[in-house]
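In the two complexes below, subunit A is the common chain; its partner is subunit B in one and subunit C in the other.
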Partner chain A sequence: MKQLRLANSIIKMMIKDRIQYPARLIVDTFGIIARCGVLLILYRYVFRYQGGLIQGVTFQIVAWSMFLYFSFMTLRLRDLAKSIMQDIKTGTVEILLSKPIHYLNYRMWWQVGAGMYPFFVATFLGVVALFLTVGIPESMQSWFFVGTFFITFFFAGILSLLIYSAVGLLAFWIEDVKPLYWIVDKSVMILGGSYLPVALFPETMYKIAIFSPFGASQFITSTVYNTWKIDYLKLMGIQLFWIIVVGFIVVYIFNRAYKKVSVNGG
Partner chain B sequence: MKPEIISVSNLTKNFTFFVKKQGAGFFTNIIKPEIKTISAVENISFSVEEGERIAFIGPNGAGKSTTIKMLTGILFPTSGKISVLGLNPSQERKKLAYQIGTVFGQRSQLFPNLPLTDSFEFFGVMYDLSKNEIENRTKELIEQFDLSSFKNQPVRKLSLGQRMRAEIATSLIHKPKIIFLDEPTIGLDIVAKKALRELLIKINREEKTTIFLTSHDVSDIEQLCERTIIINHGTIVKDLPTIELGKSFIHEKYVDIFLDTALDNFPDLPEGIKYVTKDKNKVTLSVDIANQSISDALQKILPYFSVLDIDVYSVELETVIREIYEATSSGK
Partner chain C sequence: MGDRDIMKKEINFALYAIKKNIQSSAELRASFLMNMFGMILNNLGFIILWVFFAKIAGNIGGWTANDVIGMLGFSSLAYGVVFSFGSGLRNLPDYIASGVFDRFMLSPKNLIVRIATASFDTSAVGDIVFGFVCIVVYLFLISATLLQVLLSLLFVFLSSFLFLAVTISIVSVGFFFSDASPVTQSLFELFITPSLFHGGAFQGGLRIFFTFIIPSLVVGTLPIEAIRDVSIEKAIMVGFLGMVWFVFSLGLFGKAVKKYESSNFMSFGV
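Let's look at the complex of A and B:
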């Protein structure tokens, strides 16, 4: 109960904080429109030249799949790695460790709170834009989609937080985790289907995307495909598997990291 | 006798880190790196009673921040025992955090873009206070720390003095029994420093909060703390009432003599009295009071000069502390 109250308070504060900067919101929204928009225009032409169907997938489905990736990105859960690294570099970690909180839980809620406002605004605008331009595919018009989408979204959020926590926590040893962050982030981008939808991947690449934690952290993009109804249990199972594995890794790293805290001036 | 709330015995903290071996290859440095260990705190012991105001001082790198961080559970000791309010900080960090407050002068815990009242609300929730408790305590602290004129301003717009007052006030939201302050007056002007010290004395008296402070500012120590612990090279070199600090180490007094007639030739002085500065119209002498009283010394000095005015004073606490640092650094 106390944890939930604190989480609620963190999210409330972060939303208040973000509202102070409407310009940042405009930049975020513009960023998603620019990146996603350019790709969608490109794909629209590709699909047109291929007769409207590639590997049994329509442009409408690809558009929604890619939009879901970019919308999820506006939550900026990946910034968790940078926040942890900054805490360690600047010594802010000592302030947080002197409080009656679990450092990692606190930082995770903080990240969720920080991304929530731009996520809702950008997603709302994106959904309206896609609805008006390409319409809603049949695969998304069922309660099955709605139910499984939210579960997959929840799992994707947890897995992303865990992956980026693990990267950030390594800063306790190597201080600057940017190169590692870059590798992980690009793996998530590529295997998550940001530039090329996962359904259009060659077979081997598709398997890597499906079975790696990086791809699993973006399975929300798979929920719009017609194959989702067949694959959803397998894909959710993979997500759960990685949540457990990466979760254990994070707990292990955190416990070791906490014991070797070394901050400026001590 | 007041109850003991902090007890530290034989506390040691070593930091280990990798050092690049000169001449060794890239892989050798990765596979078999050289490990260096430095001892930040070495076998220190002390205790603190409830309601004390303690200055924990030392030069940079002496081990004071490391000690504070071990007392608050942020750092794990290498060896030794710590008990703060009956708890082991490294094993019961969260439990202890409910009963202590921390202020790190160079790091802010407030929300920079939000009004101060939001930070109060947030920390109230963090310390599990009810809505009513948060409201009442916020009112109390705003009044006590005179924050009402800027409570609704975003924190980033506050002056450093206002921000520090706010930092300390927020760290008191849960009425901690001990407050650890790591250089709380750093960067503040004289007026803001004075105001902050007065506030700390006030909360110490009114709420019986124990104050454990590190500072490089001698005035903080003189005006705020009843007891001073000096640490250097990781070991405690002095632990005594602040008032005794000057007395115990002062073996000299200074005498300023303003001359009635300008001097060109300065006479030789009796044993135990030396010139510190020589000016045509004013001389400053140092008197060794270990072997003579100041009145005896004055009787010896006066015949040598035509005196217009005279001023006798002790060495400043800052000088005493500097001497202690230097003496302990050179191993005297």
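Let's look at the complex of A and C:
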């Protein structure tokens, strides 16, 4: 209960902050236009060029799948790694560790709160734009989709937070974790179905995407495909598996790091 | 002192500042190497994506997977050249917001050179290496003639020159806003993103827009098409657009600097 109250206050505070200073919103809206918008125009051309169907998938499905990836990215959960790295580099982690709240909980809720406002605004605008331009695919017009989408979204959020926490915490041992962050982030981008939708992956790459934690953290992009009704239990199971594994890794790294830190005060 | 002497002094200063920046970054050798190789691996991600895309979508606009490799080479190289040696330009909005820009104003050196060489980005060296390797691989894959090799060398210069000009224009916008970092970041995103996309898929109005309004395609896409088709017209067009953007960027920068008002922060700089 105490944890929920803490989460609630941090998220509320961050949303108020973001509404007051809408700079992030500008960046995210432009980002989604620049990346997703241009990409969708390109894909529309490619699909038209190929007769409207590539590997049995329509442009409408691909458009929603890619949009879900970019919309999820506006939550900026990946910035968690940078925040943790910054705390460690500047020494702020010393202060935060001596507070009566768990450091990782605080940082995760902070990150969720910071991304919520831009996420809702950019997603709302994107959904309206896609609805008006390409319409909603049949696979998304059911309560089954709505229910399973929210569960997958929730799991994707937790898994992303855990993956990026693990990367950030390595800053206790490595001088600069940025290169590691780039590699993990690019793996998420490739296997998550950003520029190339999962349905268009070659078979081997599809298998890697399905069974790796990087692909699993973006399974929301798979929810729009017709195969989702068959695969959803397997995919959610994989997400849960990775949440447990990466969760254990994060707890282990954090405990090791906690022993390593000496809070000097003053 | 003549114009030529002044220019020579400015170039000498820029080279000296770059040398010192490199020496200082190389001191942290492990970090330097990790940043460089991390960026190379990071860029490889784009190659994987677009090569798969080219295989699935087939030949679009006359583009093959080889062309995508070359295009990413030019884009990365231009990005790397500008942001390794002139990384300070990217920090300009922060310099303005924090009042650090005062220090640059007081410097007797050329303002743009002084700002650009104020910092050095080690990861951008990875972009240079990656870009160079991609271009060499591309020339090998297309069995390039001597003329194509010479054209490639010319385009390395031209696309970096245009990239620099557009970057100066974008960061100059920073003088017109109180918290300019998000605005310049957004504009830069709008410029850089299409330069990393499959060039063959840009057709019609989209191609015109990203060539003449936002010159993203001039960085990588047009050079590749000019080399592949040995098109001197396209080479002239890239050079012309680079010149236009350079003149425009200097004009905009000059006007923008006049908008600057010192933040009067109590800080000292060296």
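As a working rule, the second predicted complex is superposed on the first by the 259 of 266 C-alpha atoms of A that agree within 3 Å, B and C clash if a C-alpha of one lies under 4 Å from a C-alpha of the other, contacts with A are read in each partner's own complex, and residues count from 1 in each chain.
What we mean here is this: a contact is a pair of C-beta atoms (placed from the backbone, for glycine too) under 8 Å apart; a residue touches a chain by one contact, two chains touch by 3 or more.
Everything quoted here is computed from the prediction, not taken from an experiment.
Engineer: Examine A:Ile151 and indicate which partner it touches, taking first as subunit B and second as subunit C; both and neither are also allowed.
Structural biologist: neither
Engineer: Please determine whether it is subunit B or subunit C that touches the greater number of subunit A residues.
Structural biologist: C
Engineer: Regarding the shared-chain residue A:Pro179, is it in contact with subunit B (first), subunit C (second), both, or neither?
Structural biologist: A:Pro179 sits against subunit C, while subunit B stays out of touch.
Engineer: Tell me which partner A:Val245 touches in the superposition: subunit B (first), subunit C (second), both or neither.
Structural biologist: It touches nothing on subunit B or subunit C.
Engineer: For A:Leu53, select first, second, both or neither according to whether it touches subunit B, subunit C, the two together, or no partner.
Structural biologist: In the superposition, A:Leu53 contacts neither subunit B nor subunit C.
Engineer: In the overlay, answer first, second, both or neither for which of subunit B and subunit C A:Leu6 touches.
Structural biologist: first
Engineer: So, does A:Ile41 touch the first partner subunit B, the second partner subunit C, both, or neither?
Structural biologist: A:Ile41: touches subunit C, not subunit B.
Engineer: For A:Lys16 in the superposed arrangement: first (subunit B), second (subunit C), both or neither?
Structural biologist: Only subunit B is touched by A:Lys16; subunit C is not.
Engineer: Between subunit B (first) and subunit C (second), which does A:Ser98 come into contact with in this model arrangement: first, second, both, or neither?
Structural biologist: First partner only, subunit B.
Engineer: Between subunit B and subunit C, which residues of subunit A are contacted by each of them?
Structural biologist: Residues 21 of subunit A touch both subunit B and subunit C.
Engineer: Taking the touch rule as given, give the residues of subunit A at its contact with subunit C in the complex, in rising order.
Structural biologist: 21, 23-24, 26-27, 29-31, 33-35, 38-39, 41-43, 45-46, 49-50, 54-55, 174-176, 178-180, 182-183, 185-187, 189-190, 194-196, 200-202, 205
Engineer: For a test of understanding, state which residues of subunit B touch subunit A in their complex under the given definition.
Structural biologist: Within the complex, subunit B touches subunit A at residues 15, 40, 63, 65-69, 72-76, 93-95, 97-98, 100, 102, 104, 107, 109, 111, 113-114, 118, 121-122, 125-128, 154, 180, 182.
Engineer: Mind listing the subunit A positions that touch subunit B in their complex?
Structural biologist: So the residues of subunit A in touch with subunit B come to 2, 5-6, 9-10, 13, 16-17, 20-21, 90-92, 94-95, 97-102, 259, 261-263, 265-266.
Engineer: Which positions of subunit C touch subunit A when the two form their complex?
Structural biologist: Per the stated touch rule, the residues are 28, 30-31, 34-35, 37-39, 41-42, 44-45, 48-50, 52-53, 55-58, 60, 123, 179, 181-183, 185-187, 189-190, 193-194, 197-198, 201-203, 206.
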